[in-house]
């Protein structure tokens, strides 16, 4: 397939949408991003990469980081992680406390905020007091992205912490249900730091290869997780990857994917490729407006949806 | 692949589970079914069918019927159907009124009870006062299953109606929000009748072919719906097909599917086959216990999950 | 105290508010009422009555009828009635299904719709198949009001039934939890009929005397209920009498009371008098706007609040 | 009335209940209290006091402190306080986050935990950065109790803070809705300190006199609040004073009152007296079991209920 032309067509067709989205404005560092940017990349198993647009521009990956932390949690805890978090769609906004209270502090899945904070707590417990949990997380991301320079934007992380009362509420609520082992503030701080990691679409599309290839990095041959675990992460991405627009994403795009409020979306085409798109203007559900459309166009044009 | 041997292995491996499920007991007609039965069938695009176990025994398809009514609703209303129902996982039990009240009478998706009743109402409006909506529905099912003898069990339908106060509550609640056009009792009656339709796993696996083949029956060549619509039904089956165990099903099985409280489950392997399994003993979430395990074994053994 | 002058002052001071309320418009029969009407009456234990305004005009008592049905239920069932309904404020709108589902079909108190429907069901069970439950209810109201001509407005009752899908939903939901004994439609019909009873403020203020006087009608000497029961009905009126504005009513007025969507409000001053006010224009919570203010003025001017 | 004999009778009749309650055990300092203790006191407007049982034993007043902080908030903010908190019964447990999220961070009333934390925040804002808000609160309590030695138990306050994740969650949630002005931890710390204040039933019954007497201390003549404000605090105590057992308390006792998890309950008989009872064994709703019964016996024996 002529991926380069297809990506170019998609870039052309989504251009009119760029001005319709609204950048995240809950912290200044994100509010200042120019909404008219767009980039899309795909990476095949042999490392061939196709890119159109601003694909070298770093942006805040935000909730996309939850895919990587969930991977590490599954790797270290295997199915025991499900004593702390579920794997069902929540049917509620990403930061809701309602369900968390009704369900006694067990978050519905690892991709809503409470679930991702819980996963970060589990990683803190795994690495132990002496380790720097954030460094371990970013180290894993560097490995799967094949890019040692990746790091977090400290201004963003700091700004999130200053406005992160809702996440502090979620973490304290889990702690009150004895479902958070470490210091609340420390865990939330690590959570905000991994959300503030910056990458571009090239790095992100490459970082999805292990999920497309049964847990093994097809380029380096590194075995990150088992085929079973990779399959299951994909399933959770499909059912829970876009908060309360997950059904809509499955419906329109038909691929396992995960979005972030920085405007990035990653997607996996099993046995074939990793995909990433970025455009900072968000739709009403908080997912990249042009990015979601771009992925829908991609599966429509290529017929590569999983359905 | 040697499907016959694989199905046989699955039947053998799930046998110990048959006694662990619990048959639906909310109406006598279902409570009397022998829980130790099991059948599994798959049908390929050329009509070849593989079956092991009690695959000629008719059983109540119950919520599996919602796949067919949703198909008809999409066919007649196209995207206009989404003015009345959503397509997001509900995160709540199948018969909950809570979310329906909070969301002003718009059911989350066509597979929870409220959504399916709403779809039945839409079909009543489409066919009109003079038509027999149930007959139209069963006619469509006969067509996709290639089996003219299919009908509903009147004892079951009658018994459901007698104990169907929760569904009457859902329908009245939608009516109070002006999201139900026809007579409440008439719509709920039709709903119970299509839930009481009886089929066996052979018919059901064959009836999934149009969803595996872009909306076209691969045997007869009949175009039932557009490729887009077929893709989207599959997506909704994956994210919402098993109530609040939908995430779990995607996680373990990794196929679009739909279960019924009669113990049946259908599944779709896009571009390849239709699948159906039946075992009346249910797990805690109300899905066939041995049936769910059988489908998990099938994707594990064949590697045919969509992820 | 010069009650006549006080009532006159109140009528004068509330006059500017009459145009600010909004009459109930969910059924035509109520929507047509002239909102600029106002009447207030009080009746002392010796039968002396003071009245200002339209105090001979009949209006739909609506939810005020729930005080009388609850009285009968307590009389016949004593504390056993609390196996079916609670006595706690609901914190939710009068017709919400949410709490009813979470609490397994047990309504919070006898004054929300579900609770009053449940009480009507209990009365049906008490009087039995052969009796006319509505006639028994209206008979009791005639007795406590000392007015044999009281009856229900059939147009209103019929109109309610036609638009009463929400109440049908509540009744069906309770039935699904086995907390409704009789035929759903029959019970809801009786409920709508007793809501459609018409009285004027003179009759209503007189009808509250038994609650002000420990369960005994001070004029006729009839013992309706025990002192304990009267005290408890007053307590429930104070905490639950005005749906989710009950706290506000206690706060501003400081008397046990019950409002109806027809614009009437009754109140009890223990050991002293019955009170009733009517003005059809409602505030945002569905209580008479001028009526609530009139009662607040009454307790402020007389110092007769219970606090 | 022979109050001394009545109190003695009550002490005798409630004795068998003392062993049936369960002391609060969420922190060690409370869990160690001997459950078999009981004390009851009443104070008249002239300062005459009647007491039976352990009425000189200090105990943790816990949520009773919310009556005093709400008094101060009304005194300083008047009705402007209702921009931050409501005055309706919540219908939910005292520490629930559900309603707080649905209602955008505005607590239902000043007596649920979120409301009381919010009031403490308002007092912090009123007194300013340079003042010691806790000292101001305890100073007011000393004044209304006529007892300068009153102080908080630091072990209890510290222990609460260590286990107070649920309250930290509530405070952070309000902060995320911009309904908390000061530092979250500082406010919660002050809240826990005023909950850890220790008093005996003599002090507490005396401290209720200003609420029984239109806002004026009948002994010292000090005007604490307006008559209107006193009336309204009483109304909120009646409708919201006992969490989701408020209806039950109004129903059985029929007095404005406020309970604390330390086993104390205060009550007000308007125009007559202040009352306090203490017994550490709690019922299922978290209110003193023998204490609630004692107050019910008091109103039954004396006929002094407000209804």
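As written, the chains take the letters A, B, C and D, and residue 1 is the first residue of each chain.
The rule is short, and it goes like this: a residue touches a chain if its C-beta (ideal position, glycine included) is under 8 Å from a C-beta of that chain, and two chains touch if they have at least 3 such contacts.
Since this is a predicted model, take the numbers as computed values, not measurements.
*Asks:* Does the subunit A and subunit D pair touch with the same residues on each side or with different residues, judged by whether over half of the numbers are shared?
*Replies:* Mostly the same residues form this interface, as more than half of the numbers used are common to both chains.
*Asks:* Using only Cα atoms to place each chain's centre, name the chain farthest from subunit D.
*Replies:* So the chain farthest away from subunit D turns out to be B.
*Asks:* What's the distance between the Cα centroids of subunit B and subunit D, rounded to whole Å?
*Replies:* Between these chains, centre-to-centre, one finds 55 Å.
*Asks:* Measure off the straight-line distance from the CA centroid of subunit A to the CA centroid of subunit D, and report it in whole Å.
*Replies:* So the centroids are 47 Å from each other.
*Asks:* Counting in whole Å, what is the centre-to-centre distance of subunit A and subunit B, each centre being its mean C-alpha position?
*Replies:* Distance between chain centres: 32 Å.
*Asks:* If a residue has to touch 2 or more other chains to count, which residues of subunit D qualify?
*Replies:* none
*Asks:* Which of the chains are touching one another, listed as pairs?
*Replies:* Contact pairs between chains: A-B, A-D, B-C, C-D.
*Asks:* Going by the contact rule set out above, which residues of subunit A touch subunit B in the complex?
*Replies:* Residues of subunit A touching subunit B: 86-92, 99, 108-109, 230-232, 234-236, 238-240, 244-248, 250-251, 254, 256, 270, 305-307.
*Asks:* In their complex, what parts of subunit A are in touch with subunit D?
*Replies:* 96-98, 101-102, 165-166, 168-170, 172-173, 175-176, 184
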